[in-house]
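I've put the structures underneath this note.
Two complexes are shown next, each including chain A; its partner changes from chain B in the first to chain C in the second.
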Partner chain A sequence: MEALKHAIDFSDFPRVDLFVAGSVALFLVLFPFFPHSSFAMATMIQFLMFSLYGMGWNTIGGYGGQVDLGKAQYVGIGAFTTAVMLIRWDIPFWISMPIGMLLAVTWSFIIGYPLFRLTGHYFAIATIATSLILKDLFEVWEFVGAARGLEILPFKYQSPDFLRLIFKEDVYYYYILLGFFFIGLLYVNWFRKSRLGFYLRSIKDNEDVARSLGINVHWAKIKTYAIATAFVSLVGSFHACYIKNIEPEDTMSLDLSILIALMAMLGGAGSLWGPIIGAGILLPLKSYLKEWFGAKAGLVGIDLIIYALIIMLISAFEPRGIWGIIEKIRQRRRR
Partner chain B sequence: MPILEVHELTKDFGGLRANDHISFDLERGELLGLIGPNGAGKTTLFNCLSGHHPVTSGRIVFDGRDVTHMKAYEVARLGMARTFQVYAASGDLTVEENVMVGCYLKTRSMLKAKAAAREILEGLNLLELAESKVSELPVAAQKRVTMATALGTEPKLLLLDEVAAGLNPDEIEDIMTGIRHIHSELGVTIMLIEHVMQLVMNLSQRVIVLDYGRKIAEGKPDAIASNPDVIKAYLGERYVHEQTGGT
Partner chain C sequence: MDILFSSIIAGLLFGMVLALVSLGLTIIFGVMDIVNFAHGEFLMIGMYTGLLTSQVTGMDPLLGLPVAAAIGFGLGVLCYYGFIRYLLRGPMLAQLLGTFGLMLFLRNSALLVFGSEDRVVHHGVLVGKSFDLGMGVIIPATKLAAAGLSVAAFLATWLLMNRSRIGKALTATSLDAQGARYMGIPTEKMNALAWGVGGGTVTIAGAVLVNFWPVNPFVGLLFTMIAFTIVALGGFGSVPGAFFAGLVVGLITEIPGFWDFFTYTFDADWMLNVPMTSFKYMMVYVTYFVIMVIRPRGLFGWKH
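Then we have the complex of A and B:
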């Protein structure tokens, strides 16, 4: 009960934040009613997916300061669990999603145990390595479609299929994802105030001090890593039903792992709004830059250069990301 | 039964012996000072006691349990808390949040942790700083916050590592008031490392002196102050003759 109360309690944020957050929430709920292109809808769905990835990443990477660059392996576990179960045994999303989560979390415990013996850069490198190894394994594993991957054939199902999450119209996907988005936000809002959340912040600051306060640092990291994994695996399962065509090269790529970490970091790691701001700014930017420069102007590649430039500018200006910039401006005003 | 028994504790770093067969007991409710020149092995001894360093040989019994090979967090859970010399406090968190990290050892509830933290802060006269970010506070206040955070774990024994270093006389007074409060009102046994003699000599009921990793003296503060071995360790051979030979 207390947990629920803390989850819906945002009172420690200034009023401006709450006003902006409320407006954004309202916009998200009403967005499908505004006239929009299918491209805009797809971008919004990507935004919600990356917000959720980022929220998950933020628990271990932001509050805990453990830079994890291997989240794509868990996207893969979630996505392939859901796809395999649907295609082979016609098991619906709502059952395969928690099973995928369970498998992903189990895997996260198995590799998290040795991984968290490492710190700093070595930890980051090791997460990349495990993710790539798992991707390679999936690419030769015939049961999950090997390198070809799996394809969910939508014409086999009657749209809208709420059990299997197969829809013709994106708006259904949008609202289901939006539901996950709000639940995820409330969860992280609770997490940051919970015992584990406080422990993580203490660990990020100084592990020796954390130990002297009775914190089992290794275990706290593993637990949080599992929480981050659950988020990512859920979105992975959703991704399988939404994209319908998944292959390891794509779903479990290093690119995806880095993008997840990057958006959360540039938005503002270790803050509640950071990952959402990161996804909210960088994802549309990426999509539209590609659309304008790549597709329309025929200048393929320029979009990536501009995108990279913006990322470099933000990280050079404020390592705590966009949220860090906002905080800085606020502090200056207060003085 | 003493709260802490240390038997022949030895700690080597490679070829360097930082703690050399140190033995002593610490009684419940005592306030023990640990002094010695720089590099005498005081902080190393703390690190061994609190489980932050693995011990080379010897035995540590805390509250009736052998903690020699326990991990730091296990020792902390048994009721031994400590502060660190160089570390101030978590800069990103507010004062209250820092103390709450400590308090979360005894409760899962945020409300209870918050209430416990407020109580500790009040006792140490830090309540008005509760909402400040620790990184924005002066060093003296940060030192008191580290003490408050350690207290959050509700320890039986508190190890304080140079909490008065670099403070001005007024701030040292404040720290001493804080230590007295923890010792007499909260009833916590305290062992403290300190170079500020005003503090050690005023507060300690007993003092242990380390030099080159060995215990060279132990006794009441005034006896320690006139102990030739201690004067030799601090000031050199010459001063022993001037001080004791002259009288």
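Then we have the complex of A and C:
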């Protein structure tokens, strides 16, 4: 009960924030009732998926300050568990998703234990390496479809299938994901006020001081890494049902790992709203740039060039992200 | 036995090339504590430079080396003054993602200019020639030249870092940038120099690599990851470390050859079924992970 009270307690934010957050939440709930294109719907679903990825990453990368660039392997574990179980044994999403989460978390404990003995750049590159190891393994593993990946055939199922999460209309996916989104938001809101959340912030500020205060730094990092993993694996499972065609190349690639960290950083790592802001700006930008420029003949890659320039500008001039800009303005006004 | 010998030699030669690829990364990291994701893209630019100088002027691709070095040096200095200088003020996460942005930018610019198809060098003094050492060991001339160049570049860099005033200034900057500034060393220029030398060596590597490796805009990522592994294995910032780690990684990429050797020696059928070639690069990452966990500063590392 205490935890629930903390989870729904947003009172430490200024009233303006809550007003904006409330109107955004209202907009998200009502979005399917507005006239929209199917492309806009797909973009919104991607936005929700990436905010969830970002929220998960934010626990270890934002609050904990550990530069984790290997989250894609857990997307892969979640996605492949769900897909394999559905295709081979017809096990519904609501059972395979927790199993996938469990597998991902177990794996995260196994590699997290040695991983967190490293710090700084060594840690960052080691996370990339672990992710690529798993991807290479999946690419030769026949059981999960090797490099071809797996395909869930939607015509085998009756369309609004709430157990297996197979729908023809995107609206159903949207609302289910929105549910996860709100639960995830409440969880992170609880997390940042929990004991572990405070541990992590003190580790980020100064690891030696945190250790001298009696915090088990290694174990706190591993636990948080597992929490982040659970988030990412959940969205991975959803991804399998939504996209229906998964390959190691796109669910476990380095680009995805980095995109997850990138969105959280651009929004503002280490704040509750940061990952959502980051995904809300970057993801539509990416999709629409691709929509406008991607198909033009002779201009292949121009959308990603513009996108890369924006990333470079923000990381050079405002490394604390958009939330950092807002906080800076607020501090100036307070003076 | 033939397979064993030729695997070892091929591994060592390729390892020297890989060491040359990662030399620039280790210099840059050693001097200013920044991991450059765009490193493989510099390599790609070097490869295209070698390819285009031979195609446009009709000369041998080897003559593209000085051009590639000049372009790489210029590009490195430009990147430093135009972008990296600002990145250095931010936290580590922003630095990593900023260089990732640079990588996306360079890669897609290449895609825009050159298109996505593979390109190969067909003509040249060395292309297609090889030496037969007997015992079934055949050395392609391109690889031998690349390995020789790598050794030369490493010796030159080692001399530069340890025997010259500029090298001492670079080392001082990497040990303590603020202290070096008090001693009158222009650290800003030293950083730019490190980027220039880093860019120059990797584009040279690209210009020799293009003789035996097809080039496309996406070639960089694999080499970036291998270079990260080599640099971390040798210890960030250690020049001799990078060379020996390069040899180790080169031998690891030849593991499928060793696997074949043991398969034939022991006449083991089950070993035939293991798709070792697909595990080639995975082995590199596994080695990296294991060595990092056992010895977190790398084999020759002195920074952390």
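We take it that the second predicted complex is superposed on the first by the 332 of 335 C-alpha atoms of A that agree within 3 Å, B and C clash if a C-alpha of one lies under 4 Å from a C-alpha of the other, contacts with A are read in each partner's own complex, and residues count from 1 in each chain.
Going forward, contacts are C-beta pairs under 8 Å (C-beta built on N, C-alpha and C of every residue); 3 or more make two chains touch, one makes a residue touch a chain.
Please read all numbers here as calculations on a predicted model, not as lab measurements.
One of chain B and chain C touches more residues of chain A, and that partner is C. In the superposed model, A:Gln158 lies in contact with neither chain B nor chain C. In the overlay built on the shared chain, the residue A:Val67 is in contact with chain C alone; chain B does not reach it.
In the superposed pair of complexes, A:Ser37 makes contact with neither chain B nor chain C. Look at A:Ser11: by the touch rule set out above, it reaches neither chain B nor chain C. When the shared chain is aligned, chain C comes close enough to touch A:Pro319, but chain B does not.
Once the two complexes are laid over each other on the shared chain, residue contacts for A:Ala269 go to chain C alone; chain B is not touched. Residue ranges on chain A touching chain B, taken from their complex, read 2, 6, 193-195, 198-199, 201-202, 204-206, 208-217, 270. Those residues of chain C lying in contact with chain A across their complex are 29, 33, 35, 83, 86-87, 89-98, 100-105, 107-109, 111-112, 115-116, 217, 221, 225, 228-229, 232, 236, 275, 278-279, 281-282, 285-286, 288-289, 292-293, 296, 304. By the touch criterion given at the top, residues 50-52, 71-73, 76-77, 81-82, 84, 87, 90-93, 97, 100-102, 104-105, 108-111, 113, 149-150, 152-153 of chain B touch chain A in their complex.
On the side of chain A, the complex with chain C involves touching residues 61, 67, 69, 114-115, 117-122, 124-126, 128-130, 132-133, 136-137, 139-140, 254, 258, 261-262, 265, 269, 299-302, 304-305, 307-312, 315-317, 319.
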